[in-house]
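The data blocks that follow each hold one structure.
Same chain, two partners: subunit A is paired with subunit B first, then with subunit C.
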Partner chain A sequence: MPETYQDGVAPRNLAAFLRRLYALTRKEVRQLLRDKSNLSIGLLLPVILMLIFGYGLSLDVRNAPIAVVLEDASPTAMDAISGLQLSPYFSPLLMRSMHEAEEKMLTREVDAIVRVPPDFASALNAGQGKLQVIVHGAEASRATIILNYATSALAQQGARLQDRSAGAASDGIGQVQVESRLWFNAANTSTWYLVPGLIVLIMTLTGAFLTALVMAREWERGTFEALFVSPVKPVEILLAKIIPYFVVGIIGLAMCLVTARFLFGVPMEGSLPLLLLSSVLYLFVALGIGLLISSVTRNQFMASQVSLLISLLPVFMLSGFMFDLRNVPVMINVIGHLFPATHFMTLIKTLMLAGNIWPIIILEGSILAGYAVLFIGLARLVTRKRLD
Partner chain B sequence: MSDAHAVVGQHLHKRFLDKESGRTIHALKEINLEIPVGSITAFVGPDGAGKTTLIRMMAGLLRCEEGSLQVLGLDVAQHPQQIQDRISYMPQRFGLYEDLSVQENLDLYADLHGVPAQAREERYRRLMEMTGLARFTERPAGKLSGGMKQKLGLACTLVRSPQLLLLDEPTVGVDPLSRVELWEIVEQLRRDEQLTVIISTAYLDEAERCSRVYVMHEGEILAQGAPDALSAHAQGRCFMAVSHEKEPARALQSRLLDTTDLVVDAVPQGGHVRFILGEPHYRDEPRLQSILGTADIQAMTPRLEDGFMVLMRQRLQHMGHSHEASLAAATRVSASTGELASGTGEHETMIEVRDLVRRFGDFIAVNSTSFAVARGEIFGLLGPNGAGKTTTFRMLCGLLPASSGFLQVAGVNLRTARADARRRIGYVSQKFSLYGNLSVMENLEFFGGAYGLRGKRLRQRIATVLEQFELEGLERTPSGHLPGGFKQRLAMAVGLLHEPDILFLDEPTSGTDPLARREFWRRITALAETGVTIIITTHFLDEAEYCDRIVIQDAGELKALGTPREVWVQAGHRADSFLNMERAFIDIVNQGRQPSAQAASELAGSEVVHA
Partner chain C sequence: MLNTLHRVLSLCRKEMLAILKDPSSRIVLIMPVILQSMLFGYAATYDLTNAPYAVLDQSRSAASAELLASLDGTGVFHRVATLESEQQIEEIIDKGEALLVLQFGADFERNLYAGQTASLQVILDARNSNSAGSAAADIGAIVAGFNQQWRQSHGGSAPALTVESRAWYNPNLETRWFIMPSMIASLAFLQTVMLTALSVAREREQGTFDQLLVTPMSPSEIMVGKAVPPIMIGLVQSTIVMLVTLFWFKVPMAGSLLTLYLGLVFFMISSVGVGLVLSALSANMQQAMLYSFMLMMPLMLLSGLATPVRNMPEPIQILTYANPLRFAIDLIQRVYLEGVSLFSVWYDLLPLMVIAVLTLPWAAWLFRHRLI
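Now for the complex of A and B:
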């Protein structure tokens, strides 16, 4: 009768559970340490990515060449464009004719043209000063930035001019009061928002990509078959896979945070414990996804392809890492929000750049927790000690 | 719970859905079995018989949907975990963790099975002693030779005493010496610890050591009983033909085997031919008399293999399969390529090897080896795992350059004109190395093109090999979907497309059943008759008797060379005594190892260095 075999009381079972878990975890750690390629993906790649993104890749506009066509050579006109000359974002080239400027634009020697019309000074006095700004639109986001910068630089100077000119203040005068200011990234350096994004990327890499390989490897090499016919429980197998990669993920996170803070001076507006907590939550989500992919595909090549497609690519494309989700079509926005990475991205950017904004933290945090339970639960469900 | 039975199965069925073809495969049909506690039970049968499926079901790894299966008194469907706590299972491909050392692998399984620390020391000592792995404990499992891996797999399976031990083809690819050792371990454990052992095997001599044997075929149990009872199916029909002619035994064997209406089976044995008749009275049939000629006929006591062959032939006839047709097609090889041989000289040397050496760093994998092979010879390379066979083999095919020595293949010096020599050889590797997602025809076209065949010539050659290897009608089947035996036939067809002078076969019969092996060897002997020279490696020593000459290598040294009988004499036996290749092999390897047994076992474990 089966009852006769129900031996062992709870504490003995717990001891056995811990002993097996320890044995399996030790095995995983040994394999991880001996597999140089996996270890370097887990530990070396984060550093390399940080350095590349931190130093090499930047979305900032600095010293953008622009053509300034002065058709009005009056001191007022010179004054109006002085804002551009002082700006760190532009290096203006003064030109006499529009024709010349257009040629420079076509050959992409300048990114924009600022045209001061011949009657600028008199029109300004009449309260109708107009400047033309033409931006090369091939790179939409760069164009927008240049347009914004140029408008604001010109508007500030224009306002000052108007203040100075006769106080005949009618309604039409000073109509364009562009007062733009950037919040939460006061310096508007892309490093500040790339680095939090990078943390998401790196956590996804160790969580989903590396673990996607480990279960599949055991299926491929046939190591599970013998392992299954032993007192081992599926949950022990899963835990033993999670533990070492969790540690690797945390080390990666720590390295990112240290570089972010001390190398790139990214601020930490919110609380560090909260940031760590949310990272741990996301790490569980990523591990869950990785294990799920691994258990379903049972094949390392497939697993790595699938995890690239559904975890790493969305981090780049759909999480708001590169492209702001508010600027994309609604459908893409909705799809983007299906990926856990998007929620972690919001959370980590909020915590690092804005501060403890509780409504966001609670909302995104609980979404992440939900995903963590879902994916780890599914991974547990599909990990059965069966071959069929 | 029935105390007397370790496993009881009733009306078991198992169906799989083949994802590729969408068809349902009926892997087990109406299986009923009762396996007594303390017995050693063997499952034998050809590929696809359902042996592995059945063992996996006992281990709780496959869902048991129809019928009932009780293991150690527990229902497998209900309590797989409780069963897994009590049994040990060695899968066909034991998944060792290759990046962990021998010791770490053992520790892992000991921890998982909860072997207490004090019991471990004694257990490990014994396992290490039995497996000869003691000196390799620090070595990563991935760097052990095939036989050593298999022994380590067994050691991991046996870290504790299970109530039931399941072994799925534990000796595939293991050399005869290691095979003997493996069986000693199992039998010793059964004696000392009264455990029940269930084993599936392709070796019928292994099944003969078991207390009970189940013969399976295509998911059904054909027969069961003690080995003697199964052997009795061939009672009164087994004979030995002691030939006095000069011709090799396999010539007479081929003739007997081709007489399918009278003869069930024929194999070369001990330099003579052992055969089974369809009926005892066929002995007086004049046709048989004319085939046997002057040979003396002695009645033999049937072995399990004889009984097995009789059962299989009855089964195939019953199912309407014609084994005859296969054999007939096999012999057609000689008809279709026969003209090739006629013009060429009989004793032309096809392969000449003098003082061949291959080093890997400090390690000498093959040491000053010399031999020559004549046209149309079947030449066997034998030796334990890690002896240097594979290295020698690869040098002969031009896949690996020699460190020093003279190597001439098909009249071309391999060291200077390797590409030229390659055109004249065909190679069939141990693993299936064709493109699985290309169809049979596409594979043939591709490899034909790779060998420079084109247009009409290519079409002719493809038509010829399709007929020779009975692949007609399968042209469009993706080769990955072919059953095991057909894959091998296709591999051979591809290897012979460009009509090579020499065909290299690397362990072609590993893991195949006796039936498939007969057919395979019939093709090989027919090929050799057409003048194709065959170089073959095998772990089945009874197959050495199909060879004209063999070499036995161990630890990189050539230990014996000659006809099977000459090797028997070199092993220290009388020339006129009944030869036993397995005995000869073990004697020769042991003779060589005595002075430096330590160095030899060291080498046995380092095959991977040159793999």
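Now for the complex of A and C:
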């Protein structure tokens, strides 16, 4: 670069700076609008993802088909399994033979088998009733939930039967009853915890992945160098590149918030301005990462793979989006907290589901700000070094 | 015939060279697979292994201490704080320091001795509804055990009904046993489709595809030559993940390797078919990459990898029938965990074959009929 184009904008240069920036930005916007594949990632994919997450993905079990094998068909046995028939979690299929049930389990037509053994009624009278629950364990999370629901429904009904046969409402022995209250997710649905995380995913997608790809293409084709010989400063080139994607990211955010609120009924307990502010902050972080990846790799395939690996994958796996970081080994937890997405995830879930909890907002907010400065600074440094 | 074979082999060799000649792309094909399979194995878990809790015990009784002792005995629940007043509950839950707070009322033990119902308040942070649900279920089971003990030690009869439970194919119901076999297909899927999508698009962008078209090769020969190298790379990646699953995470394999690989080969062929169609439809590398990415995100999410297909609403379950990954995951799970034979996975193999039969000729046709 010629020495006349140094950094630092003096007041009289501001007008020229803005004019050049405006011209460059217009060029970038046109380029973005021309290739529909960019826009579809930026705008269409978020809509698809929101629908998938809102309607498709769920960790909640409803109407699971289970086989109930009545080897004893006495009224007592029917009574004992009545808890399952009333439950919204199961749709029980009654059958007589264990063989038939096992067959259905092997073909996965049922998720579990509840077996009432032949002499159930008499055994129960003798105080030794036994029921068996067998669950198909391949899909572990679903199986665990089904097993828990089934065992507790059966045990409760069993206790009721026992009280009834004892003839008294209570035999004078106390018992503990659990009264649980769920905070921050009154509907108890996984949609509420998945949808806020989706915002993180979508911002990462536009900010880091898309930006990295688009910029890597310029490096690969050498069109960047063509820009450098024109009388514009590196900062202006970078800004003009960032601005359109920033706007796309903000549109994605707006769409997410509207769908979350009105389609899926996810609450907004905290303050909206704070949420917008932190999202903008994270968008800067993501853009910085994207720019950095592109100028280090300078190759489209590598840029796509690297940004997948260090930006999108961590959002899925290590940020607490789907999997709770409390449950992973310490080492993985520490690694998870190295990624900015993890901090934004905590912040956004807190703001949407819990409210303005200041200690969290201040801590995670300042970490995000630090990352923003770090990555934008690094991106600028790397880009400049290669230019000079 | 021999000529055809010779031409296809040469093209395969050329494609392999194009993919592997660059050291950085060699690394990018192997390292991430190892890294990701390790990461997924440790991080992708829905199992509750660490539940920090706080206690507000207004009864300060022997009974509440006994209940808490059985909670601590699980190794899952760890007490992080002992609270003095109800006002503190909000703070500790808000900050996420405790997943749950147990509150014993002042009359907890008195009620128990009086033969009444003593209530135990459990406040759960459900920002992650899955963890909250698992914790609630665990507490329920612990309290049930406590009640039973209390009855028996205070002159009551043992419960007349016991429920025995057992889980097939995954005795401890570990998420890892489910996730890792699914990874054998998913991790390779991601890169195989992208590699294939890039292969034709790269030649289009550089103008060498026209040169390839004027060689004596027929479009189907080009198609085969372009398809074989990514299939082989995909199989190598799957093998790496399988080795990690088997030897690092020690998830036992119940089925036969032969059946597993047969399924994998069909899966790779169908995913390469999808990639080739995408590639033939794109004008340049960037489009190929973005389109394949746009297709792959929904395919991965709706494959049963993130959440079980059976939890999805009916219409979405039907949509997943067009997804090769869904069948591959089902097939691998059945062969790996359940140990079923080839004969019982035909309904997974058939859709994979249908996808391959539809996409591969379509791609070959597109080579000639879409000149950009």
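Criterion: the second predicted complex is superposed on the first by the 254 of 388 C-alpha atoms of A that agree within 3 Å, B and C clash if a C-alpha of one lies under 4 Å from a C-alpha of the other, contacts with A are read in each partner's own complex, and residues count from 1 in each chain.
Following the convention adopted for this analysis, a contact is a pair of C-beta atoms (placed from the backbone, for glycine too) under 8 Å apart; a residue touches a chain by one contact, two chains touch by 3 or more.
All values reported here derive from a predicted model rather than from experimental measurement.
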**Prompt:** Which partner does A:27 contact after superposing on A: first (subunit B), second (subunit C), both, neither?
**Reply:** first
**Message:** Is A:19 touching anything from subunit B or subunit C once the two structures are fitted on A? First, second, both or neither.
**Reply:** first
**Message:** If we overlay the two complexes on their shared chain A, which of subunit B and subunit C does A:99 touch? Say first, second, both or neither.
**Reply:** neither
**Message:** Quick check on the superposed pair: does A:222 touch subunit B, subunit C, both, or neither? Answer first, second, both or neither.
**Reply:** first
**Message:** Let me test your reading of the model: by the given contact rule, A:318 touches which partner, first (subunit B), second (subunit C), both or neither?
**Reply:** second
**Message:** Let me test your reading of the model: by the given contact rule, A:141 touches which partner, first (subunit B), second (subunit C), both or neither?
**Reply:** second
**Asked** Between subunit B (first) and subunit C (second), which, if any, makes contact with A:35: first, second, both or neither?
**Response** both
**Request:** Give the label of whichever partner, subunit B or subunit C, reaches more residues of subunit A.
**Result:** C
**Prompt:** Now for A:232: first (subunit B), second (subunit C), both, or neither, which partner does it touch?
**Reply:** first
**Prompt:** After superposition on the shared chain, which partner residues are touched by A:128: those of subunit B (first), subunit C (second), both, or neither?
**Reply:** second
**Request:** Determine where on subunit A the residues touched by subunit B overlap those touched by subunit C, and list them.
**Result:** 35
**Item:** Contact footprint of subunit C on subunit A as seen in their complex
**Value:** 35, 37-38, 40-41, 44-45, 48-49, 52-53, 55-62, 64, 80, 105-106, 111, 124-125, 127-145, 147-148, 150-152, 154-155, 158-159, 161-162, 165, 170-185, 188-190, 192-193, 209-210, 213-214, 217, 299-302, 304-306, 308-309, 313, 317-318, 320, 322-324, 326-329, 331-332, 336, 346, 349-350, 353-355, 357, 359-360
**Complete:** The residues of subunit B that touch subunit A in their complex are 1, 16, 56, 59-63, 73-75, 78-82, 84-91, 93-100, 104, 107-109, 111-114, 153, 156-157, 166
**Footprint of subunit B on subunit A - complex, ascending** = 1-2, 4-5, 16, 19-20, 22-24, 26-27, 30-31, 34-35, 218, 221-233, 385-388
**Fill in**
Per the touch rule, the subunit C residues reaching subunit A in their complex are 24-25, 28, 32, 35-36, 39-40, 42-52, 67, 93-96, 99, 111-134, 136-137, 139-141, 143-144, 146-147, 150-151, 154-171, 173-178, 190-191, 194, 198, 282, 285-287, 289-291, 293-294, 297-298, 301-302, 304, 306-308, 310-313, 316, 333-334, 337-338, 340, 344
